[in-house]
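One structure is given below, represented as structure tokens, and several questions about it will come after.
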Amino acid sequence: MTAINYPESAPVVEENYLNVSYDVKSWLLTLDHKRIGVLYMITVTLFFFLGGFAAIMLRLELATPKADLMQTEMYNRMFTMHGVLMVFFFLIPAIPSVLGNFLIPIMVGAKDMAFPRINLLSWYLYMTGGTIVLVSIIFGGLDTGWTFYTPYSSQFAIGNVILALVGIFINGFGSIFTGLNIIVTVHKMRAPGLTWGRLPLFVWANYATSLIMVLGTPVVAITLGLVVVERLWGVGIFDYRLGGDPILFQHLFWFYSHPAVYIMVLPAMGVISELIACFSRRRIFGYEFVAISSLAIAFVGFLVWGHHMFVSGQSIYGAMIFSFLSFFVAIPSAVKVFNWTATLYKGSIVWSTPMMYALGFIGLFTVGGLTGLFCASLGTNIHIHDTYFIIAHFHYIMVGGTIMGYLGGIHFWWPKITGRLYNETAGKVSAVIVFLGFNLTFFPQFILGYVGMPRRYHFYPEEFQLLNVMSSAGATILGFGYLMPLVYLIWSLRHGKIAGPNPWQATGLEWETSSPPPPENFLEKPVVNHEAYNYHEQEPTPN
Amino acid sequence: MDKGFRFIPEQASEAASQVDALTLFLTLLTAFFTILIAALIIYFSWKYRRKSEVRPAETKTNYTLEIAWTVIPLIISMVIFVWGAKVFVHMKRVPEGAMEIYVVGRQWMWKVQHPEGRREINEIHVPRGRPVVLTITSEDVIHSVGIPAFRFKMDAVPGKYTQQWFTATKTGEYHLFCDQYCGTQHAGMVGKVIVMEPGEYEAWLNGVKADDTPLGSGKALFDAYGCAVCHSAQAPSMSGLYGRKERVADGGTGKIEDVQVNDEYLRRSILDPNDQLAVAPDGKPYARGIMPSFRGRLTEEQLISIIAYIKSLKNTPAQREVVP
Amino acid sequence: MSETTNKPHADTRHAATPEGTRAGHEHHIVPVRTYLLVFSVLMVLLIATIVAAKVDIGGAVGGLIVAFTIATIKAVFVILYFMHVKYSSRLTWVFAGAAFFWLGILFVMTLADYLSRPHVAPWAY
Amino acid sequence: MTQSTASIPDPHAGPLHDDHAHAGDAAQGGHGHSHPAHVAHHFDDAEQQKDAATLGMWCFLATEVLFFGGLFLGYAIYRQRYPEAFLIGSHHLKLTHGTVNTFILLFSSLTVALSVHAAATGNRKGIVRYLIGTLILGFAFLGVKASEYYGEYQEKLIPKLLFELPDPAHSEHMKELLEHNPRVKAAYDDPVRRKGLEQQLQLFFVFYFCMTGLHASHMIIGIGVMSWLTWRAHKGHFSAEYHTPIEISGLYWHFVDIVWIFLFPMTYLLRH
């Protein structure tokens, strides 16, 4: 192998994607994937804090067993708002649309996504959907829960159900187009020499995610469309009184919404693979296995949705099949965790802010994944179904997994996106606060669920109070932990140190261009002639 | 009900210990792997912390390891699958001669009917030591019968019957929850499962123990039937109602008139709630069919007690109002 | 936009490509004769399916199998020839196949529940 | 920088090297090629642009398959559950209209295929001629569909809004079905089950209108796209080298045809 010299500083580039133009129009009509990624970053942050506000209100209310902070209708609207905003408008677009959009074309050495106009359209669909949902919330909201179970959502619920469903429907197409764009970009836009075996694992993970987006989202779109039709037209597609079947909705809904969990967590896994490799200064252990396990999760994830329906009156045989297949998601997930851990072995490890998020992710994802076994196993599923155990489990995956991954990724690529370094101490402190706050919030919920507290309860028996108080206390800490990065990252935009092209001495094409990158990403078309993560070829770097 | 803090709910059914055994196994497994991974992460990141003179080792694919940590989790998860499926099948296969109790969910109460015809609301009395199968359905949206102490849960799906069985092993009172979100008062759709000795259960089936005073038993009935769940948010409040003039709409013609709230009115409203519908503050009558008829479910004595209790309710400002 | 290249010179360049090879990125032009042939096959199949629907072939199940077999053949002809999949890269085959494979997952797994459920529908009658 | 190093033999250039036409020309790199006007700036060449567009369209069609798939699944489950009512439903659809429409759509697929052929051979007049043919056929399809909907409105088969269970005294189809199918007759003769039939038949028509309506909306979008292409072809925007829009819009049109190829037997032809 040829020795590779990583320059201390890349040639100074005067023009970058941020300073080519400043007017509003050049942002709102931009076709540059980097700018679209930044637009997404701003808007998902907005939705995250709106959803987070709802979460804090819920936790405050649940600090006491009685209904005292708000009325029950309000509480129900609040948890629906929390679920809808977080799932559809933060977790699903967070990593693919922000980091994926910004990084994938650069990582594959392309000038842009394959379809820049469709990319912009995705953001507008997302914003249209989001605005419609916000309007539906401002004008009274809805209380169906983000799962929209029929016949409650189609016949009984009052509130702006139709409006919210239309918003989610439109947003769904934004998600589909993002997925389509990523797939085509990865297939067709790779730089010379960049074979599949050399792709960064972040690209692999987002590719797998995009397959789910393209193949799953249309099913939930048509399903929610049918709920709209039923509400508008008064026909009985899911209404038993008119011959419909409410369980059919659950099948169609979970066909997408279970794989949607992998839409959320797979890209985070991709981020973690990048961070672990960079801050251990080693090629990721078992690269092929980590790459293929992403595709395996995406595929097997489509075969397991029935475990959301073990107590719904599904047939026993159906339940058996779905339970059996559910365990097969555990295998590729376990493979990833073991490979990440093995990467640390004999590495050269730095506890930087992104690395702290990454290591936190591994721990929390391990707990989240293993508690998934309780949900996949028929015997235990019955007892914990629809209790706080489930809440705790999926928050370990979605918050402990996706949000840790997202924050880790934002901290890792922030210098690339903005050209500035943030305050490392502040970053580390907030990572620790997030980790501790998270565990205090959600660990008690495992016990709470096992002793029987059902989800979506506004008031509850007194004996559950202690655990709820712990959880609420944790939530305030967690909320604080999430606000900190908002502050110091924004502060860094003006006051942070200039990052230079490669502040982490990382490998990957995105680090071979300037920070922020030029409008077309590279001044010269890159050619790749080595595998990803060739850290062992670097000269040892001082701490 | 034990109000203390606990890690697992009481084991009050025959299935509970089976579920808990599997849970214990899974918990130990989770703890083992979590601690293993955490320990490795901490150890590695201390042992291999960055030192400027050390070059990290080149990564080589180790197929033995990869295969090992693919196959071992596979074996473990198949063990869990078989174990879980066994427990599940046991919970689903209703034994011969199980006593059948019907449970009907509706927004927001449980209506229960015993084989001998006795009905109750938000309470399920069951004998200890005898298999009981609950046949469950719903009148409106999907609910879910959840009894944590029995590790029991089954959805109440409108338009179809679902079944699951249990054998209670310990006398006492246990929580009955609605576990599937069903609308505004979902959290209020709770009740009790009361496990009695078989002899007591027989006696209970045959009669009701009256409380000492009409007022006391009236309050007890008002609570037990969950009246307050609706009559605080979705339906007119009972506070200060007695003796007032109330605006009502005729259930058939919709004609609106004012009536004096007296014993007779209250009695009619409990027995045939849909004949006259109270008018909400926004000028529209409350919806038909929300409140079930209590005809045949309350004895005359019980009716008198409830009316006595409603009479006693003075106007208190603590009542919540309906959200427009 | 270029407005000069409207002469059918491309025809001669590609006409020699043997039919049925997966030409990859080499562009392939299907002769008009093939299209007409495929269209006549589709017409025959259309008549066949109408005729089959008029007569009772093995009741509901038989009728279903016949109707869907014919429909599938029609769809395959459209996909292979009109949509040029026959002459396309392996990647196109994979994506065209994946769509139907995933549709299969949706159907098979859902029906696995429905068809193994003893269905008493009290609301039905 | 790695870009500057010479190309070394690629150990992974084996089977993984499937679809990427450019990985081989590593030595070339840079911006050495000419950029024709129709190639967007972020593509290397026309070939890559065309490949990307085609793959993008196939991805979109995969999405569409599952979009319709959800509806088809619902229809299949209710058809299996309520065979009598759905049989009545199928018999009340207008087979002649359906057959004519199938013919129209298959024919339009041929004209689209021929327009792509004309484009590939640089025959501008041919493109315009065949696309106009396609448009005429598309409108014909929608016309037939509309007249069918109108017929269903007249027969009071619009669920919820205007619906009556067909009466054998007025409906030939119903009379015939009751004579020949004892299961339908048994269901119809029982007053309680007849009430059920009425609801289930509405369910049939809900799905019928949703599926054909969604299909028709795809037709309308297709007609819009084809009109735009006709105009562009007329302006001479396409050539033998560049006609990707016609090709990928053709893929879409064929897909809409395929949906109908399945919709037709599902709804009209299951008559036993």
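Some observations on this one:
A, B, C and D are the chain letters, set down in written order, and residue numbers restart from 1 in every chain.
Convention: a residue touches a chain if its C-beta (ideal position, glycine included) is under 8 Å from a C-beta of that chain, and two chains touch if they have at least 3 such contacts.
Not measured: the values here are computed from a predicted model.
Taking the mean of each chain's C-alpha atoms, the chain closest to the overall C-alpha centroid is A. More C-beta pairs in contact connect the chains of A-B than those of the other pair, out of A-D and A-B. Relative to chain B, the most remote chain by averaged C-alpha coordinates is C. Spacing of chain A relative to chain B, judged by their CA centroids, is 33 angstrom. The centroid of the Cα atoms in chain C and the matching centroid in chain D are 11 Å apart. Centroids built from CA atoms put chain C at 37 Å from chain A. The residues of chain A that reach two or more other chains are 187, 215, 219, 240-241, 243, 245, 248, 251-252, 255, 316, listed in rising order. Shared contact sites, meaning residues of chain C that touch two or more other chains, fall at 91, 98-99, 102, 106, 110, 114, 121, 123-124.
The residues of chain B that reach two or more other chains are 159-160, listed in rising order. Contact residues of chain C toward chain D in the complex are 1-3, 5-11, 14, 25, 27, 29-30, 32, 35-36, 38-39, 42-43, 46, 49-50, 52-54, 56-57, 59-60, 62-64, 67-68, 70-71, 74-75, 78-79, 81-83, 88-92, 95-96, 98-100, 102-103, 106-107, 110-111, 114-115, 119, 121, 123-125. Put simply, chain B touches chain A in their complex at residues 1-9, 18-19, 22-23, 26, 29-30, 33-34, 37-38, 40-41, 44-45, 48-59, 61-62, 65-66, 69-70, 73-74, 77-78, 80-81, 83-89, 91-92, 107, 140-142, 144, 146, 148-149, 151-155, 157-160, 162, 175, 177-188, 190, 233, 320, 323. The touching residues of chain D, when paired with chain C in their complex, are 18-19, 21, 36-38, 47, 51, 54-55, 58-59, 61-62, 65-66, 69-70, 73, 76-77, 80-83, 87, 95, 99, 102-103, 106-107, 109-110, 112-114, 117, 120-124, 187, 190, 192-193, 195-196, 200, 236-237, 239-242, 250-251, 254-255, 257-258, 261-262, 264-266, 268-272.
Across the complex, chain D is touched by residues 2, 4, 7, 110-116, 118, 176, 179-181, 183-184, 187-190, 192-198, 214-219, 221-223, 226, 229, 233-237, 242-245, 248, 251-252, 255, 512, 520, 524-531 of chain A. Contacts from chain D toward chain A in the complex involve residues 1-3, 5, 7-8, 10, 12-13, 16-20, 22-26, 28-31, 40-42, 48, 51-52, 55-56, 59-60, 62-64, 66-71, 73-74, 77-78, 81-82, 159-161, 196, 199-200, 202-203, 206-207, 210.
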